[in-house]
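In what comes next, subunit A is part of two complexes: it sits with subunit B in the first one and with subunit C in the second one.
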Partner chain A sequence: MNGLPSKLDRTAVMWIGLAVFAAFCFALRGELRWLSDYPGTLVIPLAAWLNVVMTWFVSTFQFIFRGISAVMDVPMAAIQAALHWLPWPATMAVFTALAFRAGGWKLALFTFLSMTYMLVTGYWFESMNTLALVGVSVPLSIAIGFGLGVLSFRSDTARKIVDPMLDLMQTVPAFAYLIPILLLFGFGPVVGLIASAIYAAPPMVRNTILGLERVPPEIRESGQMSGCTNRQTFWLVQLPTAMPQIMVGVNQSIMAALSMVIIAAIIGGFGDIGWEVLSTMRKAQFGQSLLAGIVIAILAMIMDRVSRGLTDLERNLAYSQLPPKQRHGHWIVAGIVAVAAILLAQVFPELKVFPDEWIFHHAVSLWLNAGIDEIVRNYSAVLDGIKNSANFFVLLPLRIGLIKAVYPKFWGFAMTPEIAALYWGAAILLLGYCVWKGKKSLAIVIGIATPILFWGLNGTPWPVFIALVGLTAYLAGGWKVCAFAVASLVFMLVNDLWEETMRSVYLCGAAVFLCFVIGGSLGVWAAHSDRVSAILRPVNDTLQTMPQFVILIPVLMFFAVGEFSALLAVILYAVVPPIRYVEHGLRNVPAHVVEAAKQIGCTPRQILFEVKLPLALPVIMLGLNQTIMYGLAMLVIAALVGTKGLGQAVYLALGKADTGMGLVAGLSIALVAMTADRTIQAWSNRKRKALGL
Partner chain B sequence: MSDSTGGAPDSRPVKLSCRNIWKVYGNDPAQFFDKGDGKVGDPDAHTARIRDEGHIVAAGDVSFDVHAGEIFIIMGLSGSGKSTMVRCLSRLVEPTAGEVLLDGENLLTASEKELIEIRRHKMGMVFQNFGLLPHQTVLQNVAFPLKVQGVGLAEREAKAREMISLVGLDGRENAFPRQLSGGQQQRVGIARSLCVDPEMWFLDEPFSALDPLIRRQMQDEFVRLQTMLHKTIVFITHDFLEALKLGDRICIMKDGRVVQIGTPSELVLNPADDYVAEFTEDVPLVRVIRVRDVMEPITGDAPGDGSSVSPDMCLEEILPAFAGTDRPLVVRDGDGKAVGRVTPAGVVKSLAAGEKRQGAAQGAA
Partner chain C sequence: MSYLKQLTRAAVLGGAAMLTATSAQAAELGATGEPIKLAINEWTGQHVTTHIAGQVLEKMGYSVEYVTAGNYPQHSALADGTIHATLEVWLNNAGDIYPKMKETGNLVDIGPLNLETREGWVYPVHMKDVCPGLPDWEALKDCAEAMATPETFPDGRILSYPADWGNRSAQMIQGLDLPYAAVPAGSEGALVAELKAAATAQKPLVMMFWAPHWVLAEVDVEWVELPAYDPACETDASWGPNPNEVLDCGVSPPDTMKVAWSGFADKWPAAYAFLEQMTMSAAEQQKMMLAIDQKGEKLEDVVSAWVAANEATWKPWMDSAMN
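Moving on, here comes the complex of A and B:
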């Protein structure tokens, strides 16, 4: 009775259904224009409506925000004034002592040398401005984050509001909410301050909640049984127990604040170090932007290490048990140096303002500019070769499809009907072979890749794409995830952002794919070699602490503005998660399973592909998730160096202070991120359960 | 369920009493109880009904009395509701219905403030995973209950030091919990729970997280402390041998319900059902049967010869006395009055009878 072969289960039927639907759409898209171009008459002017609301809101409530802005300006101006008034040797002494306290003489030396670098490159003034911004925004966001964290820990209602807010804040690019902030708070450094305080709060909220939730119930109960009142239970028992986790939040907040201060320079630019990098980058003065970029990089590293050192409980414990002489020695020395510097500065102005003659910024940057030019010129053949191959063989086919991308100049042949037939024939043969051999996943991948590579993402009708994403989401996580995915895509469609979305998806997809190829291989290598792992770890750490902005500089230097540069920047930033997760996943495969495989007689290769990788897959998929998040985040920054896509839409909106467009495009990015996130998480959880992990 | 207190009834006053305690988890547990006292006609049927409606009955109609100075043990498999019960007694968990009387006063109607006062002065608790504050030293941890009461630093540290040396941790006052072994951490937990001189002492599987050797050590330590302190104790365990060694009476729970309450020998010799029998099946009878269970009462004057034993000793302890002799032992109570005698034949007879009964129970199980 059963006419279908037994292999055709429900999933297979769905895929075949999709294939039929896709074939139908591809075939008819010539006649039915709306299949490839969503009709403009059906576009919902959400952005315009938002702008109306925003205009009303701004005109009504602006005075409040301007007031806040004025209030915030006071502490910032004060800190700024103090930092500029202090003679540089005094500032150096204080920060070096702080670094010593946080991380011993190594960190102190590093800090000292870094600050010397800021002096001699002439970025002292800008660095102090940046420090002042961070100095005000960090306490602010820690206070906000801690308050919200505690509130949502204690009240379910608050939790229900805060949770989705955090999800959005983490995925909506900062540029998008810079616009309303800008309109409400006005231009100037305070905007950067507020933006960074908002941007840096979520990690603090998350870690506060996490820390409090992870306090073992027994510890709370032991407090209650000791006779604590509610308040005592919270302040004396739960909070201190949660402290290590909350401190992780503090560190993350600091790093986020710094990276946002840099980004905010784009709008608030007022002679801080971010502005310096941006403006030199725009003028293609890569020597200067490299010098300034290094300042950001070392600022990030110092802040990271110092904040971690200062909040390390173990370390603080050991420190508090030292004799007073060792505990206060470095502070006393720093104090003496500082006072001496302040006094001497009255006589020697060189101590107050680092004299221009001592700065070799100009010479160095000229030399660097020349050097970079030299390299670019000498190796232009190689550099162009890399760039062009990537463009013509990877990016273009993905975007506009082989049908348009293949032409004789680069490929050596044209896309004649014969070659097209060859392409399809080979693909169908391969597909048939996979089905025959039962390699389902591979068959699906080939089935999806073949038409998309042929017509490009641009040439793929939107119903096909939505159906593909919807089906994937359904298979991974059921109806709810599917509904979310489809609704997200429809949101972009009706807001007339389809093309931009596809651009972002394609660039991000290509970057993620390459990240996984590169990072995955490195991760596998690192999982099998302690030496490689030891070498990669600091590299990864550095790449992760780097504000995204800085990564653009070397890329631009060698490859100029363009899509390839954006791709490269995204890869540089997003390659870290695959390395980490693949290594972690492989290293944590249960030892007894590997032993059993060895005992059976598997070769190392077989152990990797048959045992370790399948078992590590759920973890690796979480890495994929992270990679996508990182990729999208960087994509927005990369909009600065010329990409077309959602990031660019946000960035353009920022330039025009178009709140509606900025929010809609920003939300679209967030929805792409959340769709990917939900689908992958659901899949990974299911897989993990199936593996009994 | 059978509550056979058997033997000599406990003459000590009741310290803690719980009456028809219910703890139901779920969307709307209150709907199952019209009155707060937890008295229902047929508890078994009521439990079944609650479960049918998708709620969890963590404790169902639990009632028992704990006498002053008694060690009352609650036993049962994982998930049987032991922790829930002990937390209901201290109101760390709010019972859905029922009454808990401490010194005759209902704990469940006490206000938040009164409850805190009761916990500050009358109760101490020891936790399975110790529940120590990771950011405080041993000394600070032990002194913590006094600190929250507002006792001055010098006074509370003096008291804490006293407790620390009571549990044998002198010299580790300034260590942090993570620097101590499991056994040492639990000593800290014990010292902390004793710091306010509580009358009621709750211990929730205090030794389960320790390895067997340390566990034995801690049990001996516990016995030593109790002979000095005479607390009223509710002790949770899932180890019958531990219950046997430490407890006066044992309450066996299953799926939130009490199956049997009784002395160790009652549970071994008269298990209420297979569940109880299974718990007790590996127990050596010589550790369970006490002198009072096998002695023949004597009338008239005590014979002058033969060594004397106390009625509370278990057979394991008196067996060596029979080596090389078959003369009976004289049983004397606390005042030295002769109350009975034990003959080797009597011992063998009762062991044989016990073995048969235990065998029968196992056969049924």
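Moving on, here comes the complex of A and C:
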């Protein structure tokens, strides 16, 4: 090479270097066993060390945490007692009035119907317990989040500590730290509260920081010039200006806290709706678990809309200008109904406890179960066909490689050396064609996919995988991201979790790919049709708010225990972000660009693929990021369907009460997530700048 | 209570002779003003056992509170005294947290529940068409291909317990030298869902399971006849049909245990004495499970009806505790 190679050439050199290194590793893995199996002697017993530290920590500081636990029990027990004491018509009246205030009569009607649903399904008692749990966990998450946010805004040192913590709080699955929290805080719903505070605080922290940072300096200075003390400037000037952004954080915190409430049920001690969902999942009673799951889904939707309505500035402004009679009318009506209900409940016990005869829970759940049975009975051949094709043509090649997956029985031919040569020949030809035509990204994709499909992720030596991830991270975000990615993978390697990690990467990878194909197409469709968009929105809401456990039962009934079921469960949850982000990205492509493309005579197809999609790419990549996060979050739940991998490792640790192993496995999931997140964010930011957005 | 005293208590309770001695003198009711908290786990059989105990305790003059608790986490609650007793701990699946807590002395075994249990490989009855030699285990050797799935091919598939319950099926497959692979189920719900689906769609399935279980009232299953369990089979390779491997035999029926907080016997002596006496019959439990899970009757009603009809069973336990 003469002189300094240009940037593009350097990239090409790196890819070729990687290819040579990979070929070298693949060739030598027969002789050098350590290339495929990391030697056991080099494993670091980090889990055992963590256990020693944890045992000491628990025995020394337990009393402090038990004290916190006792304090938190008080408000929760009080809310619970109040909700159980109130006759149900009174509770309904109060919540309907609140919904009316937040979102008008539509939201009020929705709330009223939802609460009626809780009554007639017989889940009133459990729902009130869940409300008590949420009633403490939400303020707790918001308070902690706000405090940490303000602290990080004011001090750079705090910021440096808090920032990486936030990532961990959001990506380490709660199951991984349930045992240590259980030992520290003691048995009971407080464990669930802590878990939900850990998970729900980060969005609040992030939005608080963002809001405060965005306060224009002029506003703060004008506050100081008019003689405010520092404290006054903060509370009376900065904070109110940052309020809209902070309220976004409040809303997101509420949703996150609610999604975590079900974790409280793993421990038990409270008889809430999450317990019902988990127990019925254990019994594989689809009908019952769906009925219970719907309660959580509608609670989430109500809380989302109500919290957004109550914090909507314009709405509040308009409301404050109404005459007093209109402003308080619904509260007066609710008050009258509540008082009447409390008085009448002394005479009519039906108002105190909703009578069993009016509950139709059992019949409906039997009907739902029969429906599932009917599908299983009549369509089992079809369902098996789908499952087997997915296994043979997608999952198995990806895991163990075509070299082992190609059986004459299913493929019609065996993997003879001639066929292998044909495969490689075709791949190399295709690769050469892409290079010649200048389609570099496509060439890279083919270059990576060909050997991985041939030998499978299982047969790929770990140095090759680490080098591949490292190079991708470097090209996307430079040395820092690369160092993080490599360090993360080395963490799993030295903790003897490599095989589990590869299993999880493979399952999530396949799921994310399929989510993008399915969700992306739906998103494109929704972007071009308002009707499709309107239909998809409630479907998305339901998929995201319904406890994931509910989905598992029909998936299991249809497709049995195995990787395909796990894959489906992950897809059903993680398909939502691609739909939303693709639609959002396409709809926000500047209209004048599309218009210009039309003027020069592009076909709709060309407009989509050559104009809209490339311009929407940064947004779509953020959707990819979210899909990966959702997929990894679902890993632990998918382990209930019987997958091997990091999710199962977390469960094993839970059963063994092995704190160290749980934390190490949980941390591994988090590190995979953070690596993907950093790489994609860096890439997306660069692309955004290049496109001038 | 000092640690030493707890240790002695545990040692005392361990001795069977001393057990009868405590129950003979335990006439006092103790702290009847404070509720006894009983754990409610995730399965209906345990609800039945617990509510029977609860109803009798109430007849004795105690107040009882039922607290939902996960199968593993409950042992931490028992060690704290947040929950006072749990009455149906399956020792084959108690989690490692149970022995850990027992070591601290804060949690003690009350005694066996004596539920007549069974554990082993089951299959829905239509499987006899797929594998005609069943229930004899040797018949499985010839049906491996019919029971293969893409993930296990060319081996047959046997569904085994979730990984965190230990993988006995895999050991048995190796011990008996069968051309099968054990696929862990992930959860109890997964086991039940597969059994129901296999019976409905007439698909082949052999899986590890246990009785009494409510789903067996809904789905007709038979048990694979394995070489009878013998302790020697676990250690001695020459024992059993396969001279080269251990574990070439069936599973010993799992024990069920009643477990309490260590302070229970001092606080409510008569209640403790009653719980020591109490046992549960699998046949009776199965009937009540069916009424609750399949017919949708209320747990409290079913148990009340049983208590009213079976005074002869529980009255002696109560009387010996009270006098």
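Here is the rule we use: the second predicted complex is superposed on the first by the 629 of 693 C-alpha atoms of A that agree within 3 Å, B and C clash if a C-alpha of one lies under 4 Å from a C-alpha of the other, contacts with A are read in each partner's own complex, and residues count from 1 in each chain.
In the analysis below, contacts are C-beta pairs under 8 Å (C-beta built on N, C-alpha and C of every residue); 3 or more make two chains touch, one makes a residue touch a chain.
Just so we're clear, the structure is a prediction, and the values are computed from it rather than from any experiment.
When the shared chain is aligned, subunit C comes close enough to touch A:556, but subunit B does not. Shared-chain residue A:229: touches subunit B; no touch with subunit C. Legend: residue contacts after superposition of the two complexes on their common chain; A:443 is shown touching neither subunit B nor subunit C.
Of the two partner chains placed by the overlay, only subunit B lies in contact with A:219; subunit C stays clear of it. After overlaying the two complexes on the shared chain, residue contacts for A:313 are found with subunit B alone; subunit C is out of touch. When both complexes are overlaid on chain A, the residue A:466 reaches neither subunit B nor subunit C.
Touch criterion not met for A:247: it reaches neither subunit B nor subunit C.
The partner that reaches more residues of subunit A, of the two candidates subunit B and subunit C, is C.
Put simply, subunit C touches subunit A in their complex at residues 40, 42-44, 67-70, 72-74, 76-77, 80, 82-83, 95-97, 100, 149-151, 153, 159, 162-165, 183-190, 192-194, 196-198, 200-201, 203, 214-215, 293, 296, 298. If you check the complex, the residues on subunit B that touch subunit A are 87, 90, 92, 116-117, 119-121, 123-125, 127-136, 144-145, 147-149, 176, 189, 192-193, 196, 202. The touching residues of subunit A, when paired with subunit B in their complex, are 216, 218-219, 221-229, 232, 236-237, 240-241, 243, 313, 317.
Chain contact summary for the complex, subunit A toward subunit C: residues 178-179, 182-183, 186-188, 191, 265-271, 275, 278-279, 281-285, 356, 362-363, 366, 373, 376-377, 380, 384, 387-388, 391-392, 396, 407, 410, 552-553, 556-558, 560-563, 639-644, 648, 651-652, 654-658.
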